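These notes are about the structure you will find just below.
Lettered A, B, C, D and E in written order, each chain numbered from 1.
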C-alpha cells in the first residue's frame, strides 16, 4: 500500500483517464464533449492534490527500487500536474462542440501526464524508457489531432519519425551502459562507475543517451522537428508538449547525468556546454526570421532549452535548483502564451502569422495584454517569472565560473528580445486597414481561468519566488554529491 | 563458441544500416521500417549483454522494446495513413507544407 | 513612521493606480481624472521628502530594508540621498503634467495608455530609490516595457519600428549589465549597494574583471542617457513617442545611474575611462548641436538638442570636480524640466496644426501670443540665459570642468553658442516673420485653461531654479560630494580634489549671489 | 556449430538489412526486414533467449511487420521516387552512419576481451526465469506498459478514423 | 561423437519425412472427408466414383492439379507471387514439428513421437502461425488483382485480430501447466484421465471455445471464410493461382486445420493420453500397446476436431465482415481476458499459503 502511495498521482491520472474514456463511450454520439473536459480537469486537480500531498512522504523508493519519491520527483509531479491542468482548460476553450475525438484528446492528455510523471520519478532506466514512450507517443498522437488541416498529420509524422529515431539512440545508449555496468538501476550504475569501471562503452552510451534526450528537449542540433511540429499541431497541444514532456525529459536528463554519472562530469559537462550554446544561438537566430508566431515560439523554445542546459552545466546544487525553477517559469509563460494563441486561432489556427496579430490589443484588450505580458516574461523583463528564472540560471552558471556561457546566454536573451518584441509591438500597433479582420471570440470561462492561472504564476514567480525557490532548492538536495558543497562547483574541487 | 563482441558488432552494423536507411530512404513507410531495424539492432545488443552478465533484465528490456515497438507501429501507421489521406503521397520530400 | 515607508508609498502609488485604472470602465474621462488624481497624490507625497530631508547628512535617508528573497540574498532596500532626492521630485512633478498633456492627445485606448503610463512612473521612481542592485535592475528593465509599448501603440507613423529600436538599443546592453551584476553577486554574495560599495572599496578583486564589469555598467547607462555614439534610438523615439513619454525618455535615468553606480561603485575605473568619456561628451555636444541646426522637424530638433545638452551633463560628471558634478545633476533636472516643457509646447502646436514641420510655420506669435510667450521663455531657459535654470547648470559644469580640462571645456562652450543659435532660429522661424498659409488658414485657439495649468508651473520653476539655486544645490551636494572627493585613485585625482573641490563650492555659492 | 550458425544468420541479417536499404519497393524492404527479424530470432536462441526468440517471431515478424505490409498494401505504395532531398541525405547519411559504425566497432573490438564468449546452451533463460524478474522487480514498468498500450489503441483509433 | 551426431541427424530426418508424408496424406484424406461429409449434410453422396467409396479421389485430384498448366498472369510481382504459396504451406507444415503425438518414448536418446521437444513449443506454434499470414497477404498483393488484394487484406486483418484472442485463450492453460512445453502441458492432464483434462478438470472450457472460434478464423474456415468468399471476391487471395501453386494453398489450409486440431487436443483434451487415465494401464502392459495406444487416442481426438470443422462448415452461414471484427474484438478478447483473471483467481485461492 505504501508503494502505491508513492505513485499516487499517476494512479489518480490513470483512473481519471479510464473513467473519462468510459464516460465518453457512454455519452450520446452528438452530445457535447466539453463536460468530459471538466471531468479531466477534476482528474488533473486530484493529481495535483496527490502530488502536493506527496511532499508529506519521506523520501524513498517503491516497487523494488524502480521508482523514487523525493523532493525532486515531487517537484516535477506538481509541475506536470499544473501544466496538464491548464492545458486542459485551454483545450476546453479552444475546441468546438463538433470537434471530433475530444474524449480521446482529453484522455490522451491525462495518460501522457502519467508518462511524464513517471519519467521524473523513475530510477530504473527501463521505467524511464517506458514512461518516455508514453509521453512521446501520446504527444505524437495529439500533434495529429487537428484533422481538418493537412499540416497537423504532417507535424505528427515528423514528430513521430524523428522522435522514434531519437528513442532508438536513447535505447542504444541504455544498452551500452547496461553492457558496461550490468545494470540499469541508476544508483547501481553510479556505483559501478564509482568502482572505477569506465570502459569506453559508457562514454558512447552516455553520448547516445544525451543525443536521445537532446531530441526530446529539442536542444540544437537535434531540434529540426520542433518548428514544424509546433506549427502543425493544435495550439492547446503545443502548450502541453512544449512544456510537459520537456520538463520531464529534463528531469530524466538531470537524474541520469547527476544521479548515474556524477563522476564523469568532466565528460558530459563540455557536451552539455556546447549543446547549450548551440541551442541558445540557433534557437534565437532561427526565431529572428520567422513570420509565423508558432514557429517563432518553437525556435524560442529551443533557445529556452539552451538556457536550461546552462543551469545543468553549472554542476552545482544551485544549478539543479535553477533548472527546476526555470522549468516552472518557462511552463507558466509558455502555456499562457499558447492559451492566447489557441484562443485567437480558434483551435484551427486560422491566423498564426505575426501580421495577423496586429492590433490584437485593440480587438481584445485582455488577450492582447495577456499576450504582451507573457512575451515580456519570455524576454526576461524583471518582475516576471521569465526574468527571475533566467537570472537564477545565469547566477548559478556564473557562480560556477561559467563566464563565457553566461555572456553568450545573456547576449542571446538580448537578441531574443527583438523577435518577442516584434510581436508585442504588432499586438499594440494599430491594425492596418487592409488586414484581415480578426474577430476574436469572447474569452470563455476556462480560458479566463487558464490565463489567470498562468499570468498569476508568472507574476508570482517574478515577484515572490521564495516558495517555489525553496522547493526547487529542496529538490536539488536529492543529489547529495552536489548539494553538500553547494556553491563550489565540482570542477574546482 | 562466439565472442560476444561479434554479436555487438553485428548489432552495430544493423544499427548503422538503420541510421543510413532512415536518412536515405524517401518512402515514409520505409523510413519507419528503418527505425524498427534500429530497435532490433538494439535488442540484439541487449540480449548479448544479458548473456554476458547473466542478467535477465537485459532480456526483459528487449521484451519491453517489443511492446513499445508494437505500440509505435500502431500509432505510426495510423499517422502515416492520416498523412496519406491528407496529401496522397508517401514521399518524405513532398510532405513539406511547412518549410524546415 | 511615514519616513519609514514614504518611499514605498511614492514608488508604488502609481502602480496601484495602474491596477485600478485597469479595472475602471472606459467611460467619459473617468480614467483621465483618476490618473491625474493618482499622480497628484504621488507628487504631494513626494513633497514630504525635501521637507524632511536632512541636508546636513551624507548617506541614505528614508531607508527601508527588508529581506525579499533569502537566497540569492535579495533585499527590498530603498533609500534616497541628495543625488536622487530631486530626481524623484522631478519625476513626480512631471507626472501630472504628462497626464494633462495627454488629456486630449490620447483619444482612444485611454485605459492602456494610463495603465502603462502609471506603471512607467513606478519604474522610474523605483530606479531612483532602490538600493539593491537586483531591485534596481528590475525597475531599470521594467521602465523599458511601458515606454516601448506606448511608443508602439501611440506612435505617430512608425511607432512600432521606433519602439523596437528603442527597446533593443537599451535592452541589449542591459543583458551584459545583468552579467556584471550577477558577477558581482557571485564574488561578493550581496546585491546591496551600500555593502557592495564598501566591499569594492576594500579591494581584492581582479582589476581587469572590475574594468569589464564597470564597462558593462557604463555602456548600459550610456545608451540610456544617451551618450554620443549610442544615441541612434533617440531621435526616432522622441519623434514617435507620445509627449508624456518623450518628456521622460532620455537623460535622468542614465545619468543618475552613471553617478550612482559607475562613480559610486567603481571610482577607479570611472576615472580610468574619464578621458574617453569627456571626448565622447564633447563630440556628442557639438554633433547634437550641429545636427539640430539641420533639422526641419521640431521634435527631431529638440531630440538633438537634448542629446547635446545631455552630453553637457556627461562632461560635468567625468570631470570629477564637485562643481561639475553639481552642475551635471542640476543640468539633468533642467533638462527634464525645460526639455519636457518644450516638448509639451511642440505637442500643443502639433495638436493645432497636425504637423511639426517648421517650414510650414511662420508668424505664429501673432495668432497664439500666450503660447509664443511660453515658448520663448522655455527656449531661453534652455539656451542658458541668466536668471533661468539652464544658466546655473551650464555655468557650474563649465566652471567645474575648466580647471581640469580647459581645452575640452572650451570646445563645449562652442556647443552652448550653437545651442542658442538653433533654438532662437527655431523660435524665429515658427513664431515670427510672415504668417504662412497654414497659420493663416487653419483656425486655432490660444492656450486654454488646462494648458495654462500645466505650463505655468514649469515656467515658474525654471525661473525659481534660476534664482534660488542654493535650495536645490544643498541637497545635491550631499549626494555627489562623496563622488568628487572619493578615495584618490591617481595622484591627479587627489590633486584635483585638493585644489578645486573647495573653491568650486564657493564659486557656486558666490555665483548665486550675483 | 555455434559459430557456423552465427555466421549464417548474421549474414542473413546484414544481407536483409542491406536489402532493406537498397530495395526501392517498400514491400521488398518490408520482406527483407522480416528476414532480419527472423534471423535475429535465431540469434536470440543461440544466446539462450528462448522466450525472446519466440516473442520476436510472434511480435515482430508476426504482428508488427504484418501491420506494415498491410499498410503498404492498403495505401498501394509504389516504388520510391528519388527526389531532391535524397542527394543531401546521401551525402550526410552514409558518412554519418559509417562514422557511427566505426566508433562502435572500434569500441566493441578494442574491448572485446571484456565481453567473454557465448557458448551454446550455457546460459538459457527460461520463461519462468524471465517472469520471476518481470513480475517482481520490474512489476511497475510492466504495469505501466498497459497505459502505453492503451494510448496506442486510443491514438490509432483517433488518428485513422475517417473525417465526417 | 561424430557417429552419434550423424545418427541423431539421420533419425531426426527420418522422423521428419515420416511425419510430413503422414501429414500430407492426412491432408488429402481430410479433403475427401470434407467432401463426403458436406455431401451428406447437404443430402447428396459426395465423391463416390473413384475407388471404393471414392477413396482414391484425393490421388486423382492431386494428379489433376499436378498436370494442369501452371498459369503465370502477366502483371504479377513474380518473386512474391511464387513465394507466397511456399510460405503458406511451409508454415502450415512446420508447426506440426513440436506436436507430441504419442507417449514420451525414446530410442537411442531420440524422442520417437515428437520431432522436436522445445521448452517454448506452444510459442513456436503461435509464432509460425503468425508468419503464415504472409502467405495470404503476399499472394493477394502480388497477384495485382483487386479481388485478390481485398481478400488478402481481409485475411490479414482477420488473422491478426483473432490471433490476439487465440493467444489470450491459451494463457489459462499455460498458467495451469506453468510451462510452455507441450509435453508439460499434456503432463498435467494425464493423471486422472478425462477429469484432469483442461477442458473438464481445468475448467478451461471457456478458453477452449474461444480458442476454437479464433482458430477457425485463423484458418479462414467457415463461418469466417470471408477472405475467399466466392460470392463477393471470386476466390479471394488465390484467385490468380492455378495448378500446383493453388494446390499448395489448398493443402496449407487443411494442414492448418489439422494443426489446430492437434493443438486443441494437446491443450484441452489431454493430448495423447487416455480419457480413462491410468485405469487400464494394468490391462495393456506391452510396450507396443503403450506406444500405440496414445497415438490412437491422439488421432481419435484430432479426428473429432476435423469432423467438427467440417460439421460447422456444413451448418453455419458466413459472417459479415464488420460482424466478424466486432465479434473478435468485442466479444472474444474480453471474454478471454476474463478467463485469465478467473483462472488466476482460482489458482491463487487454491495455492497453499506459504
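The rule we apply is simple: a residue touches a chain if its C-beta (ideal position, glycine included) is under 8 Å from a C-beta of that chain, and two chains touch if they have at least 3 such contacts.
Since we're looking at a predicted model, the values are computed, not measured.
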Partner chains shared by chain A and chain C (touch criterion as defined above): none
Touching groups left behind when chain E is ignored (all other chains fixed): one piece
Steps needed, at fewest, to go from chain A to chain D via touching chains: 1
Core chain by centroid distance, with centroids computed from Cα atoms only: A
Dominant interface by contact count, named by its two chains: B-D
Whole-Å separation of chain centres (CA-atom averages), chain C against chain E: 94
Computed distance of Cα centres, chain D from chain C, in Å: 70
Mean-CA-position distance for chain D and chain B (Å): 6
Approximate Å spacing (C-alpha centroids) for the pair chain A, chain B: 26
Set of chain D residues in contact with two or more other chains: 51, 55, 63, 67, 72, 74, 104, 111, 115, 137-138, 141, 145, 148, 151-152, 155, 157-159
Per-residue multi-chain contacts in chain C, two or more chains: none
Per-residue multi-chain contacts in chain B, two or more chains: 8, 15, 18, 22, 32, 48-49, 52, 57, 60, 64, 68, 71-72, 75, 79-80, 82
Pairs of chains, among all present, that meet the touch criterion: A-B, A-C, A-D, B-D, D-E
Complex contact set, residues of chain B against chain D: 1-10, 12-27, 29-30, 32-34, 36-37, 40, 43-44, 47-52, 54, 56-57, 59-60, 62-64, 66-75, 77-82, 84, 90-94
Complex contact set, residues of chain B against chain A: 8, 15, 18, 22, 28, 31-32, 35, 38-39, 41-42, 45-46, 48-49, 52-53, 55, 57-58, 60-61, 64-65, 68, 71-72, 75-76, 79-80, 82-83, 85-87, 95, 97-98, 100
For the chain A and chain B complex, residues of the former touching the latter: 126, 129-130, 133, 137, 140-141, 144, 147, 150-151, 153-158, 160-161, 164-165, 167-168, 171-172, 174-176, 178-179, 182-184, 224, 227-228, 231-232, 295
Interface residues, chain A side, partner chain D - complex: 7, 14, 17, 21, 62-67, 100-101, 104-105, 107-108, 111-112, 114-115, 118, 124, 126-127, 130-131, 133-134, 137-138, 140-141, 144-145, 147-148, 153, 156, 179, 199-201, 204
Partner chain A, residues of chain C touching it in the complex: 69-72, 109, 111-112, 134, 137-142, 144-145, 148-149, 152-153, 155, 159-160, 163-164, 167-168, 171-172, 174-176, 178-179, 182-183, 185-186
